[in-house]
Every structure is written in C-alpha cells, then in structure tokens.
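The structures considered in this document are given below.
Both of the next two complexes hold chain A, though its partner changes from chain B to chain C.
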Partner chain A sequence: MIDVLRAEWTKFRSVRGWVLGAVAVVLLTVLVGLIGRSECSYPGPDGRDTACTLPLGPDGTAVTDSFYFVHQPLTGDGAITAHVASLTGELHAHGDTTPQTVPWAKAGVMIKETTSQGSSYAAVLVTGGHGVRMQHDFTGDTAGSATGRWLRLERKGKNITGYEGSDGSHWTPLGTVTLHGSPTTVQIGLFVTSPPYTEIKKESLGGVIATGGATVSTGTFDNVSRNGPWNGTSVTSAADGIPSDAVGYTEQNGTFVVRGTGDIAPVVPGGPSAGATITQTLTGTFAGLIGVIVLATLFITAEYRRGLIRLTFTASPHRGRVLVAKALVIGAVTFVGGLIAAGIAVPIGKKILKDNGNFVLPVSMLTEIRVIVGTAALLAVSAVLALGIAATVRRSASAVTAVIVAIVLPYLIALAPVLPLGVSQWLLRLTPAAAFSIQQSIQAYPQVANEYAPYNGYFPLPPLGGFAVLCLYAVAALGLAVVLVRRRDA
Partner chain B sequence: MKPGPHTFSSMQAIEVTDVRKRFGSTQALDGLSFAVEAGQVTGFVGPNGAGKSTTMRVIVGLDRPDSGQALVNGQPYRTLPRPLSHLGAMLDASALQPSRSARNHLLWLAHSQGLTGKRVDEVVEQAGLRDVIKRKAGGYSLGMRQRLGIAAAMLGDPPVLMLDEPFNGLDPEGIVWMRGFLSALAAEGRAVLVSSHLMSELEDIAHHLVVVGRGTVIADTSVRELIATASGGRITVRTSARSAAMTILAHAGATVAATGADTLTVTGIEPERVVGLLSEGSVPFSEVSAHRASLEEAYMELTRDAVEFKAVPR
Partner chain C sequence: MMLRATFRAEWTKLWTLPGTIWQLLSIAVLTGLVDVGVAATVHCPCEQDVPKTVLTGVLLGQAAAAIVAVVFVSNEYSTGLVQLTLTAMPRRWLVLVAKAAIVTGLVLAAAAAGVAGSMIAARLMIPSLSLDDGAVLRAAGGSVLYLGLVALLALGAATMIRDTAVAIGAALGLLYLFPMLAALATDPHWQRRLEQIGPMPAGLAIQATQQLKSLPIGPWPGLGVLAAWAFGSLMLGLLLFEWRDA
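Now for the complex of A and B:
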C-alpha cells in the first residue's frame, strides 16, 4: 500500500499543471471570497456608522440590547413583583401605524447590572406569543407557562431567582441565575421591548420578499411591589425609524404604562441588526471547489484517456488499492490547499470587513478552527467524491459536470433566495452540498425571531451532520468505483 | 529478494492454457495455449487482429479470460507482489502522460515497486535515453517511446519480458539496437516474448515461434523446424559432370532430378553429405546450395487461411 501511495504521489507532483491547479484552488478560494465586499449600511442617527458596532454581551456574543427601562438602583438583597395587565403593539411602516403584536414583544421585570447596552441582566417577562419566559444574559431562555401574568424577581446574595404566578400569592420558580461579575448595586424595574415585524412572502416564481418594519409595544403593569422614585431610560443605540417620543412611560395610581421598542437578544444574521460572519470570508469556497473537482477528476481520467491506466494496473494489480491511494493523495493535497486558503481567507477577510466598517460577529476560537479545518475537509472529501465518480464514468466532462451539479449547484441555488425555504433546506440535507454546514459560524436561537435560512447563513443540518452526508456520498462513490474497476477489463 | 535470471527455475516463464475471451460478438481468443521458456526469444506472431495483444493483456491480468488461465512463473499475475520484478511488460509505448517528464514516468513506476531513483538511472542508461530523460514524454518520438517502454519493462530486473510490437516506429538503427538488446536479454537466461505482425522483424533473433490466427495457435515450433518444413530440404548442385554426380548421389539414396544442362535438384539427403560424396568420387562441382525458405515465406504459408481481412478478388 505504501508503494502504491508513493507512486500516486509521484504521479501527482510530477505533472506541473496539476500542481499549478492546486495553487489555483487556493487562490480562487481566497480571492473570490475577498471581492465584492459591501460596506456597512446601517448609519447611526448622527450619520456615522455607529450602528455598525454592536454591543457585546457578558460572554462576548454580539447582542441587540434596546428597550425602555423604568428602573431604580438596588443595593444588596431585594425583589420586585408586578402584574402585566396587557401587552399590545403597533407596526410603524411607511409612515402608517397599524396594530401588530409581534410574538417576541416583551414586557416584564428585570435586574440589570447597569443601563449600558450589553451589561448582564436577568428578567422574567410576558411575550406577545410565547407565554412567560425567564431570560438572562441574552442567550439564556427558559419557558414558563403560556398564560401567566404575575412576575417576580428576587435577589438574595449572588443569586437571582425568577418566578411566575397565576395570582399575587402563589409562585412557581422558573430558574436561578447569577449576574456576571456579581455587582453590589444593580438596576431593578420594569421594561418593555418590541422586535421588528417581518413578513416573508413567497412569490409564485419561488422568490421571497420580506416586508415589515419597526414595532412599538405597550405594556401595562400594576401591583408593582416597589415604590418610587423611578427613572425612565431608553436603552438604545440607533435610530430605527421610531420617533423618540413614541417610547417612554407614565404612572398613574400605581399603574405603569411603558412603551418600548427593540429587542434583548443575541444578534443573528438576517435579524434586525445584521452583522457580518466569518463564513462570509469563505464565499470563495465554491470557486475553489470547482477547481478541486476538475483536479480530482483529471487525476484519474487522464490515465484512462492515455491508456496509462493499464500500466498503472500492470504495476499494481490490486486495483482497489490504487483507487484508495489516489483518493488519499488527492484528498491530502486538497486538504492542505484548503487549509492554506481558509487560513488566509478568514483573517484577511475579517480585517477587510472591519476596515469597511462592518461588525464581524465574534465567534469562539474553537468555532473559527472548525470553520477553517472544516473548509479544508469539505474540499478534500469532495475531491474523493469526484475521483470516485470519475473512475466510474471514465470521462472528464461528464464526471466534472455530475459532481458540480451534485455539490456546487445546490449550494449556490440554496444560498440565493430563489427557492422556497423548504426546498432549499431539503437540498442542503440530501445533496453533498449539505457539507457546507461545516462553515456555519453562528447559532440559531429559538427565542429570536429570524429567517433561519441558508441565505442568512443557517444550514438545516448541524456542522458535522452535514459533513457526514458528503462523507457518505464520497464513500459510496469510491466503493462503487472500486467494485467496477476490479470487475472491468482495463 | 529479486528473482534474477540466474535463480530462474525450470518452471515455464509464461504458461497460457486454453484461454477463451469474447468481446461482444467477437471470439477474440478461442482456446489459446502455449508456453514461453527461459533463455530464448519467443516470437509471438500473427496477422493484425489475431489476438496477440489480448493474450498479452490476459497474461498481465488486465483482461479477465472467460475461461482458461495464464500463469507467470507458475502464478497468476494478479497475485504477484511487486509484479514488475517477475515480468516486465511493454504493451503500449504511447501510454504516457505527455506533460510528465520521461524520468518521472519511470520514477512513479519505480516507486510502485518499492524501487528508487537509482534503479531508474540504471535502466535509463541501458535504454540509451540519458540525454533526453528530463524531457516531457509528450515530446518523444515513437522510437524514443519504445525505448522508454523497454526501460520501464526493465525496472524490476525481471526474468520474464513481454513486449508488444517493440519494433514499431523504430528507425533502422533502432531496429538493430532492439534486436541486439533482446538477444542479449535471452542470452542472460531471461524469457523474452516478443509480438510482431511482421515475421521479418523477428528473423535472426527468435528461437521459437508461436504463430496465432483467429484467436488460436496455428504453430508452436522452433524457427529451424519451421524453415525446414517450408523449404522441403531441396539442394541444388551445379556440376559439369552431371551423369557422374547423379550416379553417386542416387547410389547414396537421394532422389535426384536433372533440372538443367548442368544443374541437379537433390532431395532426401543433407547438403554436407552431398559435398562429401562428390568430393570422394572426385566429381567436379561449382555449387552446392541448400534452398532455404525465408521465415517470411514460411509464415505466409502458415497464416494464409488465418488472415482476418483479405482483399477479395472480384
């Protein structure tokens, strides 16, 4: 086996066109990913790109942190109880105001480190359509009952416990959390926020059109357990088409009416405050992949075309081993090429995105490594798939076409929002293009309303799950090739 | 543990037994059997389409026969580890990646057998390709490709060599070189099987001949026997004493016929004996010549019925 492997490696490196082809794969992957960068298009209220800088949550996640907060300082232990009498909303679009309560509109009680965006918090809240929740630090979300209206937050030492109740005396705990850094003095009070409304319309031709706009929700609280004085703060960073007098609060005989807009949630691409992802720096992968497919195909069809395959099989009569050796060589070459390409594209792409004023959603080191190594693995296993198909059909043109149709095409179709979401997602589950999920760098959050679609960077399968689909195809193609090549006359 | 020519046993180098192979409606090989022995050049001849190349592909395991078997040193080729040290083959000298240098072509082949670049340099030297080995194989003439193919076949220093039409595309100098090379290999004790569709190419170097036509062996014989059969043992004697010569030779048991004023045709007796008898009897003669059919003539005789495509007189 070592002999065959060595022979195949010698074969590959001794054809200059193939070595240059491997270099071209690297260049294509890097360069195509770097061209056509857009600048941040979210100018702030003062005309500068302030909205392009997103606040970070306590764990470094980019977050949206906009709401109206009626609050007072709290030092040491304490609690707040409130009854949400009503939560209604309205859509502000095209100068009109129409009633529209969005499912993730929130009204509730909150303990927050400071009124700065991104600071640590814990809250129990009523939503427009998802019942009572206890949320903290943007990503934490625990569902409560669907109908509860009584909310309570209690701070004892470091621990903050949330409760809900059906009346003001019976309480069900929802969870206990601690604030990041355990501050002594915190802000405690009532809040209302309201994420933008988005309606996705499917066009008859298969396209999608998103319509909607900002919303303002009004929460009415009574039976508030704490006395004033209260401060009203609009926690926000950007103008979002809402007049500043549309938010605020009034208090009359212990009844608070709070009007707020925005959201308290992790940022998701395609969501209300878009950020760039490191995945965007790898859009050139599909171009590099086409090069890989051509290279892997030629690695075997060139031998069939010249009759050289007979010499190969005369020297190494174990034909299965020859194919496996070829797969290992082309897999290793494309893996290294992919590693170099992604290793260059991600850091340089990130820098260019930032220089253009974009906010690159931060990801953990582990995720970044997975995306880079995953891209290399995607190219390598695709090469094996192409080799298997090429050995089966023995024709360059038909093999290249078949593999491009199997991997590159579904990916490009699914990424352009031309097909219904369901079709795009099935394409990315069933075809080898599923492996692109290994490049997904951002998480989906059930508590954040968003179109979790491929064109927003969300794949239907988890990273390794999608990659496994490609691996299955590659193993099947190579297996079929081995069976056929052993059975056929050479 | 290279089985060099000197350790070669008495086993048949190549043994083909009752091999049949059908391609679609064509019965390419129809019960073909023959053996190739060590220490001699065996010519594998027959018209185009007779099944020579198919047989060679079966021997190295490229084509699977429908029935029958082919053994190399007593084993099926496909079971041989590092097979190029058992049998070196040149089936298609043009099977090259044109953009790869000739040396790298030999190098990957060497690596596939666990051999190194050093061995490559040795066979390059043997094949006389040293000055052109760094060139791309695509730029090689057919003659250079034949030499490259020979170098490839020699990589494993095999006791058995099998070459398909090695004289194709060679210039006269190349033909001389190839003949010498093949004869030398046989003299070293190797078995050499050489196919050709032109018998004249094998004249003087082949010891043994396997003649095929329509997928079956027509003749499996030594060159000497084949020629003797075709010649019929006729001897021409030119003498001024015609009747004296006839008397002496007829007396010794030969059949003698007068074919001219001073010529006799003698059969049934060796030419050496003719010279001896005439000398003893003091019969003057100016010429004793054994008529020797050319190999080509003998071959044409044999394959007359086996030619696949023949001009049909209208």
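Now for the complex of A and C:
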C-alpha cells in the first residue's frame, strides 16, 4: 500500500500544472472571499442607519438588550410578585400605527445586575403569543403555561427562582438560576419590551427584502408586591431609533402601565439587528471548490487519456488499492491546501470586516476551529467525490460538471429564495451541498423571532450531520468506482 | 465551397462524438424536468414571479449546454485531431466560426424544445400563467437565447484553455460564481454590481416579468451583458487559436 501511495504522490507532485492548480485553489479561496465586503451600515427599524456595535451578554454572545424597566435596588434576599392584567401592542411603520401584539412582546418581572445593556438577568414574563416563560442571560428560556398571568421572582442567597401562578397564592416553580458574578445589590422590578416585526418579501435570484418597523407594547401590572420608590429607565442604545416619548410608565393606585420597545435576546443574523459572521470570510470556498473538483478529476482522467493507467495497473494489480491511494493523496493535498486557505482567510477577513466598522458576531474558539478545519475537510471530501465520479464515468467534462452541479447548484438555488423554504431545506439535506453546514457559525434560538432560512445562513442539518451527507456520497462514488475499475478493461 | 466543406466537416465531427446526442437531450430534459418540478411547488395566488420561478431549470440546463460546446473543441485537442483539421482547413477562423454556428444552432434547438415543453406543462399546472403574454414569451424565448449564449461562452473558454476538465471548470465557475458571491456579499452596492456584470445573473434578467424597474439590470441589457461575455470569450479564443501552435 505504501508503494502505491508513494507512486500516486509522485505522479501528483511531478505534474507542474497540478501543483500550480493546488496553489491556485488556495489563492482563489482566500482572494475571492475578500470581494464585496461591506462597510457597516444597516438600516434600523426606522430606516436610519444604526451603529455597528452590539452589547455582549455575560457569556460573550452578542445580544439585543432594550426594554423599559421600572425598578428599585434590592440588597440581599427578596422577591417580587405581579399580575399582568393586559399586554397589548402596536406596530409603527411608515408613520402609521396599527394595533397588533407581536408574538414575542414581553411583560414581566425581572432581577438584573445593573441597568446597563448586556448585564446578567433573570425574568419571568408573559409573551404576546408564547405563554409564560422564564428567561435568563439572553439564551436561557424555559416555557411555562400558555395562559398564566401571575408572576413571581424570588432571590435567596445566590439563587433566583421564578414562579408562575393561576392566582396570587398558588405558585408553580419554573426554574432556578444564578446571576453571573453573584452581585449583592441588584435591580428588581417590572419590564416591558416589544421586538420589531419583519415582513419577508421574496425576490428573484439572490434578494430578500425584509420590511418592518418598530413595535411598542403596553403592559398593565397590578397586585405588585413591592412598594416604591420606583425608577423608570429606558434600557436602550441610541441606535435603536425609538422615539423617547413612546416609552415610559405611569402608576395609579398600585396599577402600573409600562410601555416598552426592543428585545432581550441573542442577536441572530437576518433579524432586525445584524452583525457579520466569520462564515462570510469564506465565500471563496466556492471558487476553491471548483478548482479542487477539476484537479481531482484530472488526477484520474489524465491517466486514462495518456494510457498511463495500463502501466499503473500492471505495476499494482490491486486496482482498488490504486484508487484508494489516489483518494488519499488528493484528499490529503486538498485538505492541507484548504487548511492553509481557510487559516488565512478567516483571520484576515475578520480583520477587514472589523476595520470597515462591522461588528463580527463573536464565536467560541471551538466553533472557529470547526469552521476552518471543516472548510478544509469539505474541500478534501469533495475531491474524493470528484475522483470517484471521474473514475466511474472516465470523461472529464461529465465528471467535473456532475460534481459542480451536485455541490454548488443546490446551495445556489437554496440561497436564492425563489423556492418555498421547505424545498430549499430539503435540497440542503439530501444533496452534497448539505456539507456547507460545517461552515455555519451562528445559532438558531427558538425564542427569537427570525427567518431561520438558508439565505440567512441557517442550515437544516447540524454541522457534522451535513458534512456526513457529503461523506456518504463520496464513499458511495469511490465504492462504485472501485467495483467498476476492477471489472472493466482499462 | 470552402465554407460548405468546413461546415460539413465540423457537423460530421460533432455528430459522431459519442456523447453529443445525450448532451443535447440532457439540455432539454434537465431544463424541462427541473422546470416542471419547480412549477409543482408554485401555489397560486402567488406573489412570486411565476415564469422566472418555473424557468429555474435553465440553471441546470446551462451545464449541459456548456459540456456540448467544451467537448466539441477540447476533444480535438485530446485526440490530436486538431492537427489534421488545421491541415485540411488552414483558415482557422473559419473552423471556429463553423464550430460556433453548429453548436449554437443545436443548443438553441434543444433549449427551445426543453423550454417550450416545460412552459406548456407549467401552464397546465398553474392556470393563472398566461402564455400569450409578451413578458412571459420574452422570458421563455430569452431563456433559449441564454442557453445558446452560454454555449458560445463555453466554446470560447475551451478554445482558450484546450483541456476539457479545466475548460468546463472555468466555464461553470464563471457562471455560478457571480450569483454565489452576490448572494453572499454583505454590501448591497457590491451585490448590485456583481449582478450587473456577472454573465449568469445579468443574463437571467431576461426571465424577469415583474418589478422590472427594481432589477439591477433590465432584461435585454442583461442578456446583452452575457452576449458581451460570450463575444469576448470567442474573440480571445480566436486570437489564441490563430496565434498558437496547435
């Protein structure tokens, strides 16, 4: 086997065009990825450009943290109980106001470290359309009942426990959390927030137009267990573009009317506020991929064309081994090339995005490594698939076209929102294009309203699951090739 | 006399290549099958541009069109037949013109069959799709022209590159890369620019029947951009064909 491997490696490295081709793959992947990088500027809900920084939550996730907070300081243990009498909302768009409560409008009780954006919190809340929830630190979300209206938060030592009730005396616990850093003095009180609504309009090839606007929701609370004095704070950044007189609170005979806007949630691309992702630095993968497919195809078809294949099979009569050795050599070469390319493209691309004022959504080191190594693996396995198909059909044109069309076209069609979302998602489950999921660097959150579609960077399969689909195709193609090459005359 | 002989020679060469019939059939069948499959997902009343959505199959059909054209040229180089061709027909430009005319004619015929078939099938599935509407006819007829121009673009690339695998990779890369970059570009200005200059996104503007004013490029100017790419590719191919040793 070692001899066969060495023979195949010698064949690869002694053809100058192929070595240059491998270098070209690296260059294409890096350089094409640098095209079309924007300066940060995206319209906020009111059409004005919003600033390009986002607050970070306690665990480093980029977050949206805007709401109206009626609060007072709490040192040590304590609790708050409130009854949400009503939650109604209105849409603000094009100067018009339409009454409508968005599903993720929130009104509830909250304990928060400070009133600054991104600080740790725990809350029990009533939503516009998703019942009672207990949420904490932006990503934590526990569902309660669909109809509960009584909310309670209790702090004992470090632990904060959330409850909901059907009346003011029977309570069902929803969960217990601790605040980040366990501060002794925290802010406790009532809050209301209301995420912007978006309407997705689909355009032909390559365009989605999302229109929408800010919403303001009004929560009415009574039976509040704590007495004043209260402070009203609009937790917001100037960038949210909300008229300051639209939010606020009034209190009359123990009934609080709180008006708020914004959202308390992790940032998701495609949502109302966006950021750049590290995946965007790897758009050159497509260019590199086409080069890899051509290279892998030539690695076998050139032998047939020049008749070298007969010599190869005479020297090593185990034809299956020859193919496996070829797959290993071309896979290893493209893996190394891909690793170099992605290893350069991601940090340089990130720097360019940041220099242009973009906010790059932070990801964990592990995710970044997975994206870079995954890109290299995607190229390597695509090369093996191309080799298998080329050895099966023995014609360069058909092999190159079949593999390009199988990997690139489904993704292109899924990116262009011409087809219904379900069809696009099935394309990215069943075709080799599923493997691009290994480049996804963003997470979907069920508690954040957003279109989790391929054109917003969300794949239907998990990273390794999608990659496994490509691997299955590659193994099947190589297996078929081994069977055919053994049977056929060279 | 020379002209007729050249055309006959090229015609014979193309027709006796083992894959030609299948490649031409696959232009029609792939375009038609994808079109009908996509048409099945359209449920009206609908907001989307129905003719454009139905004609999605062109995205796949163009790959087959590119293969026919590339193999027609590159196969002569891989078998060495090109030396014989040029000995018999020393006027190289005439050889290329004959090749271009023959391959375009055949691709147009296959594309017309595929597009016509799928539009009729789509009409049966989507009653609100009107086939005698000017814009719909332009979208359908333009798609046929689009496939012909793609074949010319690929023919030029193959004449320049001469190697089958590299030429088909370059042609498909050129086609698919622009829309891919445009879809992934974050800057709307860049996105628009890429859709204006890319042979595939600009050329496919011919399929649009709605909101023509908001398109990055109009239907006919868009097809013109693809024609310019095809012409440029052919001219560059011709120059190299004339200059280089075969």
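Convention: the second predicted complex is superposed on the first by the 468 of 490 C-alpha atoms of A that agree within 3 Å, B and C clash if a C-alpha of one lies under 4 Å from a C-alpha of the other, contacts with A are read in each partner's own complex, and residues count from 1 in each chain.
Here is the rule we use: a residue touches a chain if its C-beta (ideal position, glycine included) is under 8 Å from a C-beta of that chain, and two chains touch if they have at least 3 such contacts.
None of the values given here were measured: they were computed from a predicted structure.
Using the contact criterion defined above for the overlaid structures, shared-chain residue A:308 touches chain B, although it does not reach chain C. After overlaying the two complexes on the shared chain, residue contacts for A:355 are found with neither chain B nor chain C.
In the superposed pair of complexes, A:7 makes contact with chain B only, with no contact to chain C.
By the touch criterion stated above, A:16 is placed in contact with chain B alone, chain C being left untouched.
The wider contact with chain A, measured as residues touched, comes from C rather than the other of chain B and chain C. In the superposition on chain A, A:280 makes contact with chain C only, while chain B stays out of contact range. Of the two partner chains placed by the overlay, only chain C lies in contact with A:297; chain B stays clear of it. After overlaying the two complexes on the shared chain, residue contacts for A:455 are found with chain C alone; chain B is out of touch.
Residue contacts after overlaying the shared chain place A:77 against neither chain B nor chain C.
Applying the stated contact rule after C-alpha superposition, one finds that A:167 touches neither chain B nor chain C.
If you check the complex, the residues on chain A that touch chain B are 3-4, 6-11, 14-17, 302-303, 306-308, 310-318, 489-490. On chain C, the positions that touch chain A within their shared complex are 19, 38, 41, 47-49, 52-53, 56, 59-60, 63-64, 66-67, 70-71, 74, 78, 163-166, 168-169, 172-173, 176-177, 179-188, 190-191, 194-195, 201, 204, 207-208, 211. Across the complex, chain A meets chain C through its residues 32, 35-39, 201-207, 276, 280, 283, 286-287, 290-291, 293-294, 297-298, 301, 305, 358, 395-401, 404-405, 408-409, 411-413, 415-416, 418-420, 423, 455. Those residues of chain B that touch chain A in the complex are listed here as 57, 60-64, 77-80, 82-84, 89, 91-92, 94-101, 104-105, 107-109, 111-114, 152.
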